[in-house]
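For reference, the structure is listed below as structure tokens.
Going in written order, the chains are labelled A, B, C, D and E, and every chain counts its residues from 1.
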Amino acid sequence: QATLPQAPAPTGTLRIALKDDPDIMDPTLARTYTGRIVFAALCDKLFDIDEKLEIVPQLATSYKWETPTSLLITLRDGVTFHDGEKFDAAAVVYSLNRHMTMQGSFRRGEISDMDTAVVVDPLTVRITLKTPSAAFLSQLTDRAGMIVSPKAAEAAGRDFGLHPVCTGPFSFVERVAQDRIVLQRYPGYWDAGRIHFARVIYRPIPDNNARLANVQTGTVEFAERMEPDDVTTARANPRLAVAQVPQLGYQNITINITNGPRANTPMGRDARVRHAFELALDRATINQVVYQGAYTPTAQAVPPANPYHVASLVPEARNVERARALLREAGVTTPLAVDMIVPNNPDLRQVAEVIQSMVAEAGFNLKLSTMEFASSLQVTTRGEFETYLAGWSGRTDPDGNIWSFLHSRGPQNDGRYNNPEVDRLADAARAETDHDKRLALYTQLWQIAVVQDRARIYLWHATNIVIYSARLAGYRPISDGMIRVQDLRLQ
Amino acid sequence: MTPALAVTGLTVSFATDRGVFRAVDGLSFSVAPGETLAIVGESGCGKSVSSLAIMGLLEGNARVGGDLRLAGQDLLAMTPEARRKLRGADMAMIFQEPMTSLNPAFCAGNQIAEVLALHRGLSRHAAYEEAIRALDQVRIPDARRRAAQYPHQLSGGMRQRVMIAMALACRPKLLIADEPTTALDVTVQAQILELLDELKRETGTAIVLITHDLGVVADHAEQVVVMYAGRAVETAPGEAIFTHPEHPYTIGLLGAAPRLDGPRGRLASIEGTVPDPMHRPPGCGFAPRCPFAVAECTVTDPALTMLAPGHAAACLLAPLEAA
Amino acid sequence: MTALLEAYDLVKHFPVRDAIGRKRGAVHAVDGVSLSVAAGETLAIVGESGCGKSTLGRLLLGLIPPDEGQVRFGGEELTQLSPAALRARRRDMQMIFQDPYASLDPRQTVQDAVAEPLRLHRIVPRAGEIARVASLLTRVGLSPEHARRWPHEFSGGQRQRVAIARALASGPRLILGDEPVSALDVSVQAQVIELLRGLISEMGLAFILISHDLGVVRQIADRVAVMYLGRIVEEGPSEALLAAPRHPYTRALRAAVPGGGRRAAPVSGDVPSPINPPSGCRFHTRCPHVEDICRSVVPPLADGVACHLADRLPPFAAVVDRQPNARLVRLQSRFRPQGDAA
Amino acid sequence: MIGWLLRRLAQIIPTLLILSVMIFGLQQLMPGDPALILAGEERGDPVVLAQIRAELLLDRPIAEQYFVWVSKVVQGDFGFSWRIRMPVSQLILEKLPVTFQLATMAFVIAIVIGVPLGILSAVRRDTPTDWLANAVALAGISTPNFWLGIMMILFFSVNLGWLPPSGYVPLTEDWRASLATTIMPAFVLGSGIAGVLMRHTRAAMMTAMAQDYVRTARAKGMAEGVVVLKHAFRNALIPVVTLGAIEFGRLLAGAVLTEQIFTIPGFGKLIVDAVFNRDYPVVQGVVLATALIFVVLSLVADLLYMAINPRLRQA
Amino acid sequence: MNADSPRRRALRRFFQHRLAVLGLVVVVVFILAAVLAPWVAPYDPIQTSWTRLRKPPSAAFLFGTDENGRDVFSRVLWGARASLMAGVVSVLAAMLMGVPLGLLAGLAGKWTDALISRIADAMLSVPFLILAIALAAFLGPALENAMLAIAISAAPVFVRLARGMALEARSADWFEAARALGNPPWRTALLHVLPNIVPPLLVQGTLAIAEAIIAEASLSFLGLGQQPPQPSWGSMLNSAQRFLTQAPWMAIYPGVAIFVVVLAFNVFGDGLRDALDPRSQRR
């Protein structure tokens, strides 16, 4: 019996510098963006997305909408968990139910439309929804679609996150909080041929200068979420490569419209005042001054790369004259004092200063209060703010960027913007699976929420700047910002 | 015989924030080996400054002039390093405050051993053994145990004895004792002075004893220098200063000490205070306080003039009431 | 003569604690002392360092509470008074300390220092303070201009005058001087002694003098109490006591005063530690006459002396001091203010 | 001696009690609902919030929270991190050696720089040497740690490539690598403390140099160097030791910025992240641990006094 | 005795200390710069310009421009206001809190001492950040409140210092003398003990100023100190942190300003201490 010469088991370590320390490594309980980056090597999902943000198979090989509320998913055969357990329909159902029922689950909200998940056969699962949902499938491309080993999860209970067991290319070795998360290659990975490292080490290095220094000196191979300023430095260095990946999220100014007494200001009451404020802004200049032009100015929540981006909706050009006129029309006495809460990152603080100086010309006296994240969260949730310079990391499906923020029942609608028509459109778009119809609904929605009501002032879509060793090949820049370890190799 | 110490025309001036002033002005005396010379005078008259000048221990703002010879060697012509080597070996000093003059961080034995190791080149161990002998010599009972104790564990008298042992450890030619007993109890004071006398006899060390207690002078000194405002106003053999003082200041001083016998009467008190060294009046420095002063005293500054062998006074009127 | 200040059986022990704070014995600073002072009388307390003189002084003025015993001032029991009442009583009893360099607050001008008791006891209105301080300064032989100066600008004798002026300011009935002249050199000491003596008789003050210098005591005191390790060992009129001391310790003190020519030290050794002091007569460790009884039985203070052997001791051989010759006496008399004899 | 130690150790308990009450009080004052943070992007969902609050006892009165916490701590249970679910005791044990190593190295560097400078400037008082020494020391204090840190990384790591720019290797794993990773942050931290030590050493030395026993030492004929180093310095050490203990204690939890720049996983960063994430069990546990070390340090300082100052050895 | 009044002598002693005078001059210059900033600053410190971002120092912009095109020199001048306030006022406030408590602990002894000392110990181990965030939330973010937070966290050191000094004072003769005169305890503490412990407080105080100025930087980063766009040296350093390599002048000039001020305060403090000490005998 002839044995085929096997490719030698990969050696080498991939070291990735993260901007911050992930939270708990349990797909059901995890909350942070950074955590998702680690999960990308640790836990496969039912589906993945590609460069064009289209849904592609991963643990599932295909899916079929039997009815608008019934989804049939076919699973990949021969997949095993890191503990050697077999991956099958029962595991999928277990994981989905765990997301739905586990106390403190953060996935429940994402898949709240799900009614039941049942095993059809070992490789087929049927999911029924309570209502039709266009966004549901895309949730399965993220943490909600990660399948954990039922045996390990049962055994560990709530401490599963201390030693997660999934089906990804790498299995968990150890974690030292704030220092490193170490993963090692899982030899039984179903797609092992695309894995070229024996280990991956994630190191949280919050300081941007330090992250850059680390990738410059070669102590890490990859650094994510760098500053636009670093692009020049990296480009000048032949040992480094740079990629600028457009992100799924956005930055905006949230305005308190009806949330408590602080809403009762000209800004809160009168769309013309908000419009004036917006007209005083020059997004391109902000982008240029603070981000070296690396970001994409916008007037909506959906980035251009997304098929639901409304191309016709472009930011209005700066027009201070008109802004003044609008203020006069609204009958406010200038300078109009407006408060803005600013997170305490240095770049956003600079943005705020730029905005402050811009709107001053139109007659706004913008007062900035920088706040650390936890405080600002509480203040804005309680409505103790006038305006808030806030960001959202973004979701693949446009609904993830819209509904929560503009629907009157949206949990992240901090300004309590409330327009029944917008509610109706958001609900309808949510259920609509036809691309063109859905895009039309969103076009209409923006017309009301942004152009007419000026509920929020969208500023830009950020770009994730990643800097990595020029020897590292196979990096696929995808807007979700994840670092997919498949095909990555050192030359 | 060369004197153990010969001081000629010693002047010390200090540069201060108020200007330069002379703390010691033309002081001369000499001490023979085995002899005690006492310097007496009011507080601030320059006793300590003179002794520190001899030792070479004055602070940086002091300027020393005149001629200082230790057993014939010119001290002021030496390099600081050479002078340092003399200190502790050929000339030693004990200070007024036994409490603060010993380093609280080291045990008594080690502080003595240090000198021995330094000047006699003894090993640590040998120096320590020698230190114990030195303590024994200053009549400290149970010297070995005491040597291991720290200054705070010793009484004032003990501490002063440690100081003396330290000073005498290298058999210096000269010992300067700056008010060695002022801080001690009377009964202990007598013991210490007696000890110094004995040691002097044994080792032939010359002693300069600084004090303002005339009783001490009478009992222990062969020679006396009375200082007033930086100058010697009278020098005399120890006895003569009591039987036949010539300077009014000395006379006042003698009368100011309360006595234990004789009639109880008012003390002689020298009214007024020492002149400000920065604004020294012309003439005799003591004139403003002197009950004998005549007009000329405020004009002419008297020089020290010999009145009898070994007895000199700086007073225009001396000898007073020649008898 | 009625007593102004009376103390009965005063005891003050300072606990000596070991590492964990357990009491490991006590400093027997004052151990059963009774005494009294009448108005216009000067009492001296003499003894060697550490024998408890200062502690006794503080007890007498109520600055620290006694462990046992009582202090009556003008018939009033000090230990019973509230802190505020006691503070008010300080107007009548003042204190002068040993070290004139340390007892004046270095950052207070003379004016403020002397005026402080006036303010504390609201003796004169603010406006009158300057005049009052000026008169006090004049009284102690300083000039009113000195009021504007800081203590460090004075010589020791001048400072002690300031301290005396401060003590006099509230018009006390009793002054306690804790070694008021020991830190001064002879000529200044004489000035201050003369000043104190004058003020005491002039103002009819009761004065308690704490001192270790028998010469000074003799100059000022009417009565002397000799302390040794917390106890009074001998007490009596000063002239008589100094001329013929009866207790061996007093004799040693008397003999140790220099000036009488070279002689052997009267006693050997240091004062023992007041922690666990010697049993019986506390002087027995140094006493040249010691007998067995001295080691075990505490001698009571009877007939002015606390010594078992008081009646059997050889008569005191008065050490004769060098006598000033006639010329010297004559010359010295020029230094005494006019019209003054004994 | 042992008794004294016991008594000192007993004092630790009230300190820790006061501290824990303080921490709970401050947490109450602090804005930012931990539940909101834990809820992350689901913070708008009242069900999620209620669930979190119930799980973490956040819906109970503060007194109850405190007593639950204290009764667990007394049993050695510090709870677990709300954010990453790791046991707080594990986090503390993990970071403690790191922090301790860094603090010790920083302290050694501070002593090596600060103390000699302080002595020198006291001895050469009012000379250019003194002025220079002061300028160096104060430069250490006033240079922001992040600036010095980044400059050192740029110079020693990026330009010269001598030292790794960040990360931490435990001493037990590879001591050379460990020193290489900690030397720069230790220097950054040490340079600031060196200034403080220098100023206090200078003051203490000036006092000591004016003492009588220094004159005695000179009268013995000791060389000036010996007088200064043996006689004066030993006595000047006392205030410096007190201060050293405080500064060392501050290093434990206060090295955040430096830890951040050099990515050293120590107490400082742990606590700051915990504060920002309102991860209260971690905050409480770590503060308690630092306080414990802090009081132990003052104990050590007191023991050092005794070594230096024989007067304190009895009673 | 010299006829000069002691105050005049202290003054003269101070003015003879050349370095201390230099320190004073520098401090005064900075205070003047802060007060006169509106008139002496060449540019408006908050006037942004998108055409001159991060320009290196030049004749027009002595210290260069910052990330929003503002003149760094003008901002350093204006920043002196917040930073000097943060440095000086908060240290004064810390002394105001710490010193009386320390005196109380040292003089009262017993359980008062135990309580105060334990609280001070506990406070020393509360991380600055927790205190700052909690207080700022309680009081609202503003420079004044940041100063208060700095003051509170700096106070325990002064408590310890004052306590130690008070213990020492308690055994001094003049302390006993003050009691014997009939001074009530509070009066003894305030009128006698306090003036005598000034010198060590000066040393610690001038050091604490440096720490306070830097602490304001971290607080303004948290949004608790000087609010943007108003400058403080600390907040300037914060924003410079992103541009350390590209625009080093943004960090260097405020950094140098801090250094110079700290140095000046320290030599000034040294001189003052010597001048106030009646016993100091210096040339």
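Quick notes on this one:
Throughout what follows, contacts are C-beta pairs under 8 Å (C-beta built on N, C-alpha and C of every residue); 3 or more make two chains touch, one makes a residue touch a chain.
Per UniProt, the chains are B = Oligopeptide/dipeptide ABC transporter ATP-binding protein; D, E = Peptide/nickel transport system permease protein.
Note that the structure is a prediction, hence the values are computed from the model and not measured.
Chains that touch both chain B and chain E are the following: C, D.
The greatest centre-to-centre distance from chain B, using averaged C-alpha positions, is reached by A. For the pairs D-E and A-E, the larger set of C-beta contacts lies at D-E.
Mean C-alpha position of chain A lies 88 Å from that of chain C.
Centre-to-centre, using mean CA coordinates, chain B is 53 Å away from chain D.
In chain D, the residues touching two or more other chains are 31-32, 146, 150, 154.
The residues of chain A that reach two or more other chains are 209, 372, 375, listed in rising order. Along chain E, residues 1-2, 133, 137, 241, 244-245 each make contact with two or more other chains. If you check the complex, the residues on chain C that touch chain E are 58, 61, 63, 84, 87-88, 90-91, 94-95, 97-99, 102-109, 116-117, 120-121, 148-154, 163, 166, 170.
Across the complex, chain B meets chain D through its residues 55, 57, 84-89, 92-93, 95, 97, 100-107, 114-115, 118-119, 150, 152, 163, 166-167.
Every residue of chain E that touches chain C in the complex is listed here, in rising order: 1-2, 5-6, 172-174, 176-184, 187, 191-192, 195-196, 278-279. If you check the complex, the residues on chain E that touch chain D are 19, 114, 118-119, 121-131, 133-135, 137-138, 157, 160, 200, 203, 207, 210-211, 213-214, 217-218, 237, 241, 244-245, 251, 255, 258-259, 262-263, 266-267. The part of chain D that touches chain A in the complex is made up of residues 31-34, 36-45, 48, 51-52, 55, 81, 83-86, 91, 94, 146, 150, 153-154, 157-158, 161, 164-168, 260-263, 265, 269-270, 273, 276-278.
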